[in-house]
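Structures follow.
Below are two complexes that have chain A in common, paired first with chain B and then with chain C.
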Partner chain A sequence: MNRTASKATHISWWGWQQRLSPYLFVAPFVLLFAVFLLYPLTRSLALSVQKTIGPRDSRFVGAANFRFLLKDRLFWLAVANTTGYALAFLLLQIPAALGLAILLNSQRIKAKPVFRFAFFSTHLVGSVFVAVLFSQILSPRSGLLNHLLSAITRRPIQVNWLAEPELALPSVLLAGLWLSIGYAMIYFLAALQSVDQDLYEAARVDGAGNWSQFWHVTLPGIRPVLLFMILVGTIGAFQLFELPYVLFQQSPGPLSRALTIVMYLFITGWSVGDLGYASAIGWSLVVLIAGVAFVQWRLGRRGDDT
Partner chain B sequence: MNPAHGYSLEVTFPLGKPILFMLVASGVAGAIAAFRPAPSQTDLVVWTFTDLNARTYRGDGSTTQPTLVDLYQQTAGQSVGVKLIGVQALNVRLTSIFDNGGANTEVPDLVEIEISSVGRFFRPPIDQVGFLPLNDRLAASGWDKRLLASRLAPWSKQGVIFGVPKDVHPVSLVYRKDLFEQAGVDLPAAKTWPEFQAACLEFQSYWLANGLPHRRAIELPAASADFLVVMLLQRHINLLDTDNTQHLTDDRVADTVEFYARCVAGGRSIGGDPSPGANLWVRDLTDGDLCSIFAPDWRTSYLIRTAPDLAGKLAMMPLPRFDPADAPTATWGGTMMAIPKQARDPEKSWKLLQHLSLSPASMNARLQYSTILPPVIEAWDDPRWHRPDAMFSGQRIGELYIALAKQLPERYVTPFTTVATQALTVVLNRAVLDVQAGDDKMLPTRIQGWLREADDDLRKRIDFGKFE
Partner chain C sequence: MKRPFADQPDSVLDYRAITPRRTDPRRVQLTPLVTFLLHLPLLLGALVCTVPLVWLVCATLKSGQDLFKYDFLPWDHLDHLTLDNFRKLVARDGFTRWLCNSIFLSCLQASIVVTLSSLGGFALAKYKFRGKAVLTTLMVLTMLLPAQVLMAGSYELMHHLGWINSYAAILVPGSVSVFGMFLFRQAMRQVPDELLHAGRIDGCSELRIWWDICLPIVRPMIGAFTLMTFIGSWNSYLWPQIVLQDEAKYTLPIGLANMMSLPEFQTEYGVLMAGTLLSVLPVVLLFFVLQKDFIAGLSSGAVKG
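Presenting the complex of A and B:
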């Protein structure tokens, strides 16, 4: 009898576990998500339609923050800078990362793990470190880049990379690419290794050259990863903050050419102390990124249909 | 428990191994958190963002003398905890306290705020600023007369004082005496900025002829307006007054921008950018790449600690002026000590504030760690401020700083000061580009136009952002 009762208890435990386990597994995530993401998001949405008055008072202002945003030339300058950066970043990062991945995927390359780690390692140090590093590399007198250019041209060169408006975003871009190409390369490398080798064999039998193989076999094979990397790269580029912030020593750079949307948000929220307007900037960024992601998704789907 | 039994693995814990593992892991983590040594509770807590001030209060173990914190415990019978917190973290935590009324969180009894951060805390109407007004306490204790009056300005909003200054930070000019003497240029003879520019051009010509074309006479960044703001302060111009009155369209602003632009670009350029990175200007000065610098006392203090190779090669002079009515100095940087309104016992906080920032013991302690001039006027009589300095070839730099401090122009900070400075920076950038391109015949008119544009934009931002 006891044994039967014990078995029944055990089965009821098992049933209880089956019912409850999924909730217990997701509970930590749900809890953290609610506390650290959902609540702040809701709060910032509420703030974006408020003017905060003093430490604890606020006043509903409707769409006033967003209306001012539409006429705010600094915001549009930040949008233009960020969009320019995002475009240049994607146009350079994706081909460079893919090129490196193809190179490392080649049978002719030896010591692949060493190269793989070397290229990826830049991503391990983080953007603040990279910004500090590049502030030294781009230094007008002692910077490595000017020394290199001087050695190549055989005449003294002292370009002030961080003080010239035209060079501000390219300097950030250089640092951004150095930081992220290796990271993207790892994804592409994994994608390349999953492309069915039989397809290359068949293409070669059909007389396809290297370029044809790349265009008709490789690219379709890695397309999901390619689209993912474009999406992730776009989001990352639109959220650009630490690199220019540290590189230009907490300033938006010459002629505000390194002012990004998130940097403008930060300055508005933490220097001016206008959390309502800063929230409006943040939500505008969300809409912007969502819009770009939607367009990319539609373009990706169109590719699937054809 | 029989391995042959169908449920043998599951019965070890009714909810399964993964959950058992998670529970054990969280139990261990919880136990570690619960039983770790609790931070010692002190009667009073001070938040600071500078290592220097933290060391001044609690010592660094280098002496056996009682620290300021020890002395306070001995005299007032209350323990003091000094927390060193990064400046951004401190600002965020303080904002959080002000926003939630200090509920369920540690509220410091005293807090130090850096001058570039204070504007945002002055955004609310006077009665809602998160710091305790100190006018009455300063008057009752007589400190309002004993502190340098001009130094109270940055920490005040419309006459209400919210913090006690920790410093004065008068700006002097430190230059490579050896290199200027070698070039035969008597730099201190230049009393005005145009004379100074002429002397620097002569200096650069000498070094150009001697094979050093990149040697620049002074550290003047082409893309940043930090030193332009110092020059404007010399002329008693704050971009924004304490009530947000704008001064961007003052004719003297346009003049100063033009002068500065011509100092960093074009044929009469004398300035060079400092190497990017924290305190790398020391290397520029040591290497002779930049041969003079704007030198508030915090920079000089750092220079003395970190560049012994420059001993005997430096000299200090007041800043040249534009007009006789200008001050031979201005202020750059600063920190205040304030009492949050939510502090547990404001009277105890005030007593501690006086002990840490104003008392003779605090004056003595700060001299152990730095040569930053205090805002307490009577402390300037200390003989240590009047002795010759070997780094500066025996020059009495303390006396020079004291003389400059007495002529210090007022500086105001509002939430929009950062925005105004950024607007000025963009005007400077445009002027520099014009000078670089040689397209500068109409520069004064163009600068005035850009300043008007910036002023209009700033007005819109202030009107939109204010709520008083």
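Presenting the complex of A and C:
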């Protein structure tokens, strides 16, 4: 009697834990989503129509934040800087990474693991540390880059990379590319290696040259990864913050020429203390990224039909 | 395409063997040169990637004027190399503290995130439950949302919770990774269901099935994802900088970025470079330990994701 009772409770516990387990396993995410994502998100939306001084003091201002945003010169400078950076970054990073990956994938290349590690090594350095490193490499007198340029041109070159307004974004770009080309290359390499080798053989038998093979076999084969890398690169570039902020010693650079959207958001929210206006900037960033991602998605889909 | 001579015996079945190959005599002669030319851009790229790091290591070992006189090492008097920069760095209060903070925080965060994300991924891969489709949609939306739009609201929340200047503000909101849940879902789908049922018949609870059966099978993914999370946590700057105010609680990125702005390091950048090197080294060491897992995990994610 006693034994059957304990068996019954055991079975009910057993069934109970089986049914409930999946819910318990995803509970941390659900909780987190509700408390630390959904709630701050609605708060950010509410804050974007308020003017605040620190987290305590705020008043309702309606759409004034967004109206001011449209006329805010600094905001548009930040948008222009960020967009310019993103464009230049993608136009240089994707072809360079893909080109290097194709080369490295070739059967004639020796010492592949060495190359792979060399290219990947930069990704292990975080962007703050890259910024600290590049602040020294770009320094006018003792910096490695100027010494290298002097050695190549055989003329003393002392470019003040970080003080010239025109060179502010190119300097950031240099550090950004150094940080990320190798990483993108590893992804492309993995994609290239998964392209069906028989397709190349078939193309060769049909008389396709190298270029035609690239165009008709390689590119379609790595298309998903290529689109993914472009999207991730775009989103990352629009969120640019650490590199310029630390490179220019926690400032927006000469004449604010390295001011990015996230940097403007951060300075507005936590140096000026207006969380409301910072939220408005944040939402405009969401709109901007969503817009660019949508355009890319449409373009990518159009490529599908042809 | 139809293979020619498909009815022939095996040795000629391979059409590659019988397709006449036009061998261009010029091409054969060019091969060593072509091979060299193919290596050239790679070599250049690899140099561009590694030289700044070599330069960093050299800068930490040089003293005073040698920093400005030599690009890399003072070859004519190598006895001038010193560890002074490291000594000065450790003597400053702050740096060792930040190093310990970073190690503590990143290890803790990586273990929490890997545990909770693999649990979530396990549920998504191996169970049918109500709301699963909705959950997946929410996860995708979360990944698309730029985190910066949340910052003002989150900061306010941290303020109300009294978590400003506390590690809870970093650890708790970041304790599950949606990306990680997707990675583990993908990896755990390959675990055969029969194995899980066998475990159930032997009396394993669902939690033990996850821990004792599933996790050992997806080990490479654990290594890869641990490394990714550790690197992410180690290098994160914006949010920690917002919520940590006390200098004793700083992590390395915050501390080093502040150190860089001090006027004394405009001239004495050897110490700063020593700080940078020590900040990068733990990640590099961890990478070497988990390297194999990492490349495997990365490529599987890239191909299937």
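We adopt the following convention: the second predicted complex is superposed on the first by the 285 of 306 C-alpha atoms of A that agree within 3 Å, B and C clash if a C-alpha of one lies under 4 Å from a C-alpha of the other, contacts with A are read in each partner's own complex, and residues count from 1 in each chain.
Assume a residue touches a chain if its C-beta (ideal position, glycine included) is under 8 Å from a C-beta of that chain, and two chains touch if they have at least 3 such contacts.
Predicted model, so just to flag it, every value in this text is computed and none were measured.
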| item | value |
| --- | --- |
| Overlay on chain A: chain C relative to chain B, clash or fit | clash |
| First (chain B), second (chain C), both or neither touched by A:I267 | first |
| Which of chain B and chain C A:Q239 touches, first, second, both or neither | second |
| Contacts of A:G99 with chain B and chain C, given as first, second, both or neither | second |
| Touching partner for A:S44 - first (chain B), second (chain C), both, neither | second |
| Dominant toucher of chain A (residue count), chain B or chain C | C |
| First (chain B), second (chain C), both or neither touched by A:S121 | second |
| Touched partner set for A:V132, first chain B, second chain C, both or neither | both |
| Partner chain in contact with A:I53 - chain B first, chain C second, else both or neither | first |
| Partner chain in contact with A:R302 - chain B first, chain C second, else both or neither | neither |
| Which superposed partner A:W16 touches (first chain B, second chain C, both, neither) | first |
| Part of chain C, among the options 81-89, 117-125 or 261-269, whose backbone runs into chain B after overlay | 261-269 |
| Set intersection of chain A contacts, chain C complex versus chain B complex | 17, 21, 25, 55, 132, 135-136, 139, 141-142, 249, 270 |
| Residue ranges of chain B in contact with chain A within the complex | 7, 10-11, 14-16, 18-19, 88, 91-92, 95, 98-101, 116, 119-121, 123-125, 128, 130, 213-214, 221-224, 272-273, 275-277, 280, 283-284, 289, 415-416, 418-419, 422, 425-426, 429-430, 433, 457, 464-465, 467 |
| In the complex with chain C, residue positions of chain A that touch it | 17-18, 21-23, 25-26, 28-30, 32-33, 35-37, 39-44, 47, 55, 96, 99-100, 103-104, 106, 108-110, 114-116, 118-119, 121-122, 124-129, 131-137, 139, 141-142, 144, 147, 178, 181-182, 186-187, 190-191, 193-194, 201-202, 205-206, 225, 228, 235, 238-239, 241-242, 245-246, 249-250, 262, 265-266, 269-270, 275-276, 278-279, 282-283, 285-286, 289-290, 293 |
| Chain C residues within the chain A interface of the complex | 1, 15-16, 19, 34-35, 38-39, 41-42, 45-46, 48-53, 55-56, 59, 67-68, 71, 116, 119-120, 122-124, 127-129, 135, 138-139, 142, 144-146, 148-157, 159, 172-173, 175-176, 178, 181, 200, 205-207, 210, 231, 234-235, 237-238, 242, 253, 256-258, 260-261, 269, 272-273, 275-276, 279-280, 283-284, 287, 295, 298-299, 302-303, 305 |
| Interfacial residue positions of chain A with respect to chain B in the complex | 10, 13-14, 16-17, 20-21, 24-25, 51, 53-57, 59, 68, 73, 132, 135-136, 138-142, 156, 158, 160, 162-165, 247, 249, 251-256, 267, 270-274, 277 |
